[in-house]
Amino acid sequence: MSDRTGTVADNLQTRIWRWASSNAIWIVLALLFSVAALLSDAFLRPVYIFNIVRQAAPVGVAAIGVTLVMILGGVDLSVGAIISLTAVLTAVLMDGQVANIPLAVTFALAVGAFIGGINGVLIAYNRISPFILTLGMAVVITGITQIYSGGTARGIVSPGFREFFNFRIGGVVPVLALFFLGLALVGVRLQQTTKFCRNLYLIGSNPQAAELSGLHVKRITIIAYALSGLMGAMAGIALLARSGVSSTFAGRGLEFDVLAAVILGGTTFQGGRGGIGGTIAAVFVLLIAFNLVNIVGLDYNAQLIVKGAIIIIASSAYIYFKKVR
Amino acid sequence: ADEARVMQEKQAAEIVDTSAYKKEGPYKIGVAAGYMGNSWVVFTLQHIKYEASLHDDITEVLVTDAAFNPTKQVADIEDLISKGVDLILYWPVDDKAIEGALKKATDKGIPTINTGGGFVNSPSVTASVFIDQWNLGEMVARRLFQDMGGKGKIFAMLPIAGTTAAVDQLAALKAVMEEYPDIELLSAEYGDWNRAKAKQITENLLQKYPEIDGVFSPAGQMSIGVAEAFDEAGRLSEVIMSPGDEYNGWLKWVRTNNQGGAVTFPTRVGQEALRLGMRILRGENVRRGQKVPSEYISPGAAGVYAETDRPDDWWASELPEAWKPQ
Amino acid sequence: MRDPITSALSSKYGIIVLLGMTVLFAFIFVPEFGTVNNLTNIAIQSAPLAILAIGQTVVIIAGLIDLSVGMLLGLIVVIIADLMQGQSSMTAFAILVALGLGGGVGMINGLLNNLLRIHPLILTFGMLSILQGLIFVYTDRSVGQVSPEFSWMANGTIFGVPFSIILLIFVATFVSFLLYRTRLGAHIFAVGGGEEQARRAGILTGRVKVWAFIFSGLSAGVAGMLVAGRLGTGYPNAGVGYELDAIVAVVLGGTSLAGGRGSILGTIAAVFVLGVASNILNLMEISSFVQILVKGLIVVIAILLNQPKRIVAS
Amino acid sequence: MLLEIKGLTKRFPGVLALEGVDFTAEAGEVHALVGANGAGKSTLMNLLSGVFRPTEGEILIDNRPVQLSSPGVAVSCGVSTVYQEFSSIPQLTVAQNIFLGREPCGKSGILSHKKMRSDARAILDKYNLDLDETSLVETLSVANLQLVEIARALSVDSRILILDEPTAVLSLPEQENLFRIIESLKQQGMLILYVSHRMEEIFSISDRVTVLRDGRKIDTVQTADISPQDIIRMMIGHDIDQSKGLKANSAGDTILEVSFKDRRRGFKVLEGEILGVAGLVGAGRTRLARKLIGLEADEDMDVILHGDKIDPKSPGHAIQHGIVYLTENRKYDGLFANLSVLKNTTASALERFSSYGFLQQKNERQAGTEILDRLHLVASSVDAPISDLSGGNQQKAIFGRALLCNPRVLICDEPTRGVDVGAKEEIYQLLLGLAEQGVAIIFISSEMKELFAAAHRLLVLHEGEIVEDLPTDQLTEEKVLQAATGTAA
C-alpha cells in the first residue's frame, strides 16, 4: 500500500495526474480553443489572438485580485464598482494633460487599494459574509462615483495614454496585452513563491488552524482585500486604456464575469484551493466562448443561450477532469 | 409601418383637454427618471432644472432614479404622487410597463409628460415631448445608405436589447432597407450603450466578415468604440460610419476624420417638456405630441459643435455655463 | 458594554428591530410617509421581491444559491403577458403557466445541480444567461397585456389590504410551514447544515436539493405574476437584477450563505427595510445619486450590526 | 450468521484501503476491530454503513447478500453507526440530530417538534446520557457531540451497531456508562462492532477481536485466548518497546509561572518537566490552555515566563515567546485539510524559511522532511494532501508543526486521541525527548493511565479551577478522580 512507502517525493505519474486534475481548466481551454479554431480561422490569426488577450485585460486583472481573496476564503464583488470609479477618476485627474498621467494613475491605484483595505478591515474584524458586504460596498462606491462625477464620465484622457497601451509591438502584440500577461505571470510566480500567498492558502484552508498556528490572520486578510482593490483599480485603468470610457458605469456587472472566471478556474468559495493560473485560463474560456458565438454569427439571443451553455458545460468538463485521477 | 406613422402624426396633432389639470402655483415638479447612468439623461435633467429656475412659481424639482428597472419606476411614480407633485416628467425604461402608474397620476389630476422617449399615445400620458427614435433611425439609415452609394454590407450597433430605442432603431433601419435592395444587413448587435462592449463586438465581426462597407450606429458613444476597432484593424478606410448623435466624443471623432456626421438627439427636450408642462398646469391647450426634431449635421458642420476641451462624455447644448453638469 | 440599541440591533431579530426603527423614523420625520396611500404603495412595491426572496431563502438554507430567478421571473412575465393579451379568460391558464414554468425551470436547475455537481452559483449563472437568451428568442420588445385580474392581483386591495400582501402572507406562511413543520423542511435545513452528514443520516440529499430549487422557481413564478400585474405588459428586461436584490435581502434577514440556518420573517423584514428606505429617500427629496450611496450604506451597516455571533466550538 | 463479509476490497484513488477481507460476526457478540492508524477499520465500517460502496466483494446479512448502496439503505437493513468523524449538523438541536432523517410526524404528516423532543428525552434518559435535547449542537463540547452521535445510533431500531472509536473523547464515567449500554444491547442479541485503539477497553468488553493490517485481515481470535502483546504484534508486525522509562529524569528552573489576582490557584512548570493536567470533560483544561496563548482573555491572570511578565495577545504572539499549543480538535482547528503534509508542517514557521517575503522552498522542504522523518511519519509523499493520512500520522504532522517553532513550553491537548498504540508510544517518547532537551510540557489528557505514566506532576481541574497540584508519585487515580469530581474531602 502506498501509505507505507515513507516520505519520498512523488513519482512522475502522480505528479502528472495531480497537475492535470488541478489544471483541468487548461484542458478545457485547449479544447474550447480547438473548437473555436475549427469554426473560425480568426482564432489562428496572431493579431486577433492578441486582441483577445487585450480584451481580457480588464476582467483578467481584476480576477487576479479576486482570486487572492477567494483563496483566503473571501470574495470581492465590489471590483466592478471599483473599475467604474477608478476609470472615471483616472480620466478626470488626467484632464487631457500628459503631465498629469503619473499622478492620475498613482492616485487611482491608491484609491482602489484604500477601498479594498476598508473591505478588508470590515471583514477581518467582523464575522460578516464578505459576499454581501462587498455587494453593499459596490453600491456605496457606485453612489460615490455618481456623486463625484455628476453622472457623466467627465474626464479627458491625456493624449498618448491610450495610444501607448494600444500600440502593437511588432504590429502584433499590444502593450496592454503584454502588460496583462506579464501581470498574470508575475502573479502565478508570486503565488508559488511568497510567504504571503502561502498564508492565504493556509487561512483559506482553515482559519481557526491558521490563527492557532500563529498567522496574522487579520493583517493578511486586510492586505489581500487591499490587493484586490488595487487590482480592481488597475483593471479600471486597463479598461480606460483599452476602449476609453464613456459612462460612469463602465465596470457594471463585471464583478460577475470575474466571479464566474475565478470559480470556473478552480478557486472555491471555501478557500484554500485554486490559484491565479486557473483563473486566467477561465477568463479566456469565458471570453472565447463569448467571442466564438459572436464570430460564428449567432443572433444575440442565441449568443446568450450558447454562452450560458458553455459556462455550464465547461465547468462540468472541469469537474470531470478533476475527478479522473 | 407607414400607416402607423401617419396615424401617429395625426394623434400627435390632437389637442389635449387640459382643463382637468389647471392649477394655481406654486408648483412641485416630479421627474421619474427611468435611468440616470447616462450623460444624455444628465444633460436632459439639467435642462429641466434650468427651465425650472426660470419659473418663480416652481418651488422644487424632485428626481427619482429607477436604474433601468421598470418596477422601480412604477414605485417611484407612486412615491412622487404620495409626495404631492403637480406635474410628472418622465423618461421610461419601457413605455407600456409604466402605463398603470402613470394612470394613477392622471387620475389624481397630475399631468404626465413623456420626456425624450418616442411618442406615446395613451390616455395615461398627457403629452409627449419626444425625439422620434424611429425618425432618427430612419435619418441615420438614409444618410448611411446614401453615403454608401446605395449598396454594400452593413451591421447595426444597437443599445440594450429590449429597450424602446433598440426596437425603434432596428425597425426604422429595416424599413429603409426595403428601399435599398442592395444593402445587406450582416448582423444586428447590442452594445448596451457601452463603448468597450461595442468595440469588442466589432473586433469579432471584423474577423468574421472580410467585407464590411458600413455601420449603422445612431448612438455616438458606441460609434467611437466601433470606429476604433476598425481603425486598429487597419480597415477604417473601407468602412462608412453612419451619423451618430451629438455625443461629444463622437463629434470629436467626426471632426478628426471628417466623416459620419451627426443626427441630433437634443438634450433640450428636457426644457421643452417642462415648458409644455407649465402650459398644461396653466390650463392652456397643447398638442398631444410635440416633436423636438432631429437634424442632420454634416461632417464638416459637426466638427464645429465638437468641444475639444470637454470630455467625450458630454453633449453639445445651449445651456448657460452655470447649468452645465458640474 | 454596548448600548441597548446596538445590542437590540445585533440580536437575532436585529433586522426586525431595524425595520421598526426605520418606520418610526419615517413616521416622525417624513410627513407623507404615514398616509394610507403611501403605506399601501410600499406594501405593493415590496411584495414581489419579498416573495422571490422567500424562495431564495429556501435555496440558501439548503446551502445552495439561485442566480437564475431574476431572468426566470422575466421570462415568466413576458410569456404570461403575451398569453393573456388582456383577456380575463386566460387568467387561470396564465397562473398555471407561471407556476409550471417556475417550478419546471427550478426542477431543471435542481436536476442539473445533482447531475453535474458544479457549484450552484456557476450553474445558475449559466442558466441566467440561457433564460435571458430564451426571453429574447421569444421577443425583443414588450409584448402582450395582462388581464384585469392580474392587474388587480398586483395593485388591488381587499378591505384596504393589498391583495399582493395577502398573497405574500400566504406564501410566507406556506413556506414557513413547509420549512418548520414538514420532514422536507427539516431535511432542507439538514442538507444546508452538512450535506455529507445528512447523507449519512439516510436523507436523499439530491432530492431535497431539487425541491429547494423548485421552491425557488415557484417563488419566481408567483413574483413574476405580481411583476406582470404591476407592469401590465411583458417587458423582456423585467427581471434584471432581481436575483441580487433577493440575495441581499435574504442575507440581511439573517440567513447564512453557508446554509443550514435562516429565517423567512427576517427575509421579509429585510425586503421591507429596503423598500421603506427607498420610499423615504424618495419622499425626503434626496438626490438620486446620494440615494444610491445611502442604500449601499444601509446594506453595509445593517450587515455589520446584524452579524452572526461567535459560536463556541470547544 | 448475522453478518458475513466475503472478499471485500475498497480502492480509493491511489490507495488500496481494503483488500479481500473476509469476516463474520454473530448476533449477541461484541466484536472488536483493531489495527494501526490507516489499517482500514473505518473504511470497513463505512462500507457496512453504506457511506462507501465496495470495489469488490459482497456483504451478507442473515445469509442474504445486500447492496448497501446508501446510508439510508444500511439503516433499513438494521445497521446503525457511530462514525469516527462527527456527523451531526452543527446548526440543529440535539433532538433534531438524533432523529435526523427519521423525524417523527403526526397522523397528518406534520412534523411534531414536541414529540421529537420528548422522544429524544426518552432516549437520553433511557441510556443515561447527560444532554439537553434542546441545545444547539454547535455549542456542545466534543464529548457531548459524541454523546449525540451515540444517542442517534441507539435511537435506531437496529441489529448491528457500529461504534468507531466512540470513547476517544469521552470521560471516564461516560465511558463506563457506554460499556453498560453495550453490555445490555449484547444481552438483547445485538451485534456490536467496536473499533478502538485502547487495549483495556477491548479486553474488558469484547468477545472476539479481528485484527487488520494494511487493509488485509490478519486474524480473528477469541479475546479470552490472547494477550494485548499478541494483538499489538499482529497489528504492527513487531513488538513495541515499552521498557523505556517514560519519565524524564530531572527538571530544571521554573520556566512558566501562572498566577491569578483573584483567589484562584496558580501553577508553575519547570524546564524539562512534564506537567499533566487532569479533569473531567468540560473542567476547563482546554480553556486554561487557550488563555495561555491569548485566544481567550482573563484579566486576572498573570503569566510569567522566565521571570518576565508577558501578556500573549494571540497565538502568534505566544509562539514568539516559545509557548506553543497543540489542539485537541485536529479537524476543527488543527488541520489544513486540503493542503499537503509539508505545508501543514511548516505553517507556523514560515518566517524561518523566507527572506524578503519569498519562501526558500528548498529549506522549507528539507526542514519539514527532516522533522517528519524524526517523527516517523508515514505517507506516500510529503506532498500528499494531509486528509489522505491516517489520524495518527496527521497528529504527527501537527506535532511537527509545533516542533518547528522551537517551543520552550509545549501545551499538548489530548495528543494521543484516536492514535494507535504504536503511534501513542512514539508520541510519549517524543514528549519525553523534548522534556529531556529542557522543554516544559503541559500534557492535557483524559486518559488517567497515560498521565500517570508520563507526567511528573499533575494538576487537577474542577469547574475551571485548579484543585490539586502534586507530583504523580504522591497521587493515586482514585484521589485524582475525587478531586476532579469535586468529591474530595
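Letters A, B, C and D name the chains as they come in the text, with residue numbers starting at 1 for each one.
Please note the rule applied: a contact is a pair of C-beta atoms (placed from the backbone, for glycine too) under 8 Å apart; a residue touches a chain by one contact, two chains touch by 3 or more.
Each chain and its UniProt protein: A = ABC transporter permease; C = Autoinducer 2 import system permease protein LsrD; D = ATP-binding cassette domain-containing protein.
Keep in mind that what you see is a predicted model, and the values were worked out from it rather than measured.
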item: If a chain touches chain B and chain D alike, it appears here; value: A, C
item: Least step count from chain A (ABC transporter permease) to chain D, where 1 means the two chains touch; value: 1
item: Higher-contact pair (C-beta pairs counted), A-B versus A-C; value: A-C
item: From chain D, the most remote chain by mean C-alpha position; value: B
item: Averaged-CA centre spacing for the pair chain B and chain A (ABC transporter permease), given as whole angstrom; value: 35
item: Averaged-CA centre spacing for the pair chain C and chain A (ABC transporter permease), given as whole angstrom; value: 30
item: Between chain C and chain B, distance of the C-alpha-averaged centres to the nearest whole Å; value: 33
item: Whole-Å gap between the CA centroids of chain C and chain D; value: 44
item: Multi-chain contact sites of chain A (ABC transporter permease), meaning residues that touch two or more partners; value: 146, 150-151, 300
item: Residues of chain D whose C-beta touches two or more other chains; value: 332
item: Shared-contact residues (touching 2 or more other chains) in chain C; value: 135-136, 140, 287, 289, 291-292
item: Chains grouped in pairs wherever the two touch, ordered by label; value: A-B, A-C, A-D, B-C, C-D
item: Chain B residues touching chain A (ABC transporter permease) - in the complex, by the definition given at the top; value: 36-39, 41-43, 161, 186-190, 193-196, 199-201, 203-205, 207-208, 221, 224-225, 228, 232-233, 247, 249, 309-314, 325-326
item: Chain B contact footprint on chain C (complex, rising order); value: 32, 35, 37-38, 41, 44-45, 48, 135-136, 140-142, 145, 151, 155, 227, 230-233, 235-238, 240-241, 278-279, 282-283, 285, 287-289, 291-292
item: Sites on chain A (ABC transporter permease) touched by chain C in the complex; value: 122, 126-129, 131-133, 135-144, 146-147, 150-151, 256, 259-260, 263-264, 268-269, 300-312, 315-316, 318-319
item: Contact set on chain C toward chain A (ABC transporter permease) in their complex; value: 112, 116-119, 121-123, 125-137, 140, 244, 247-248, 251-252, 256-257, 287, 289-297, 299-300, 303-304, 307-310
item: Chain C partner contacts - residues on chain B that touch it in the complex; value: 33, 36, 60, 62-65, 67-72, 74-76, 78-84, 93-100, 160-164, 166-167, 170
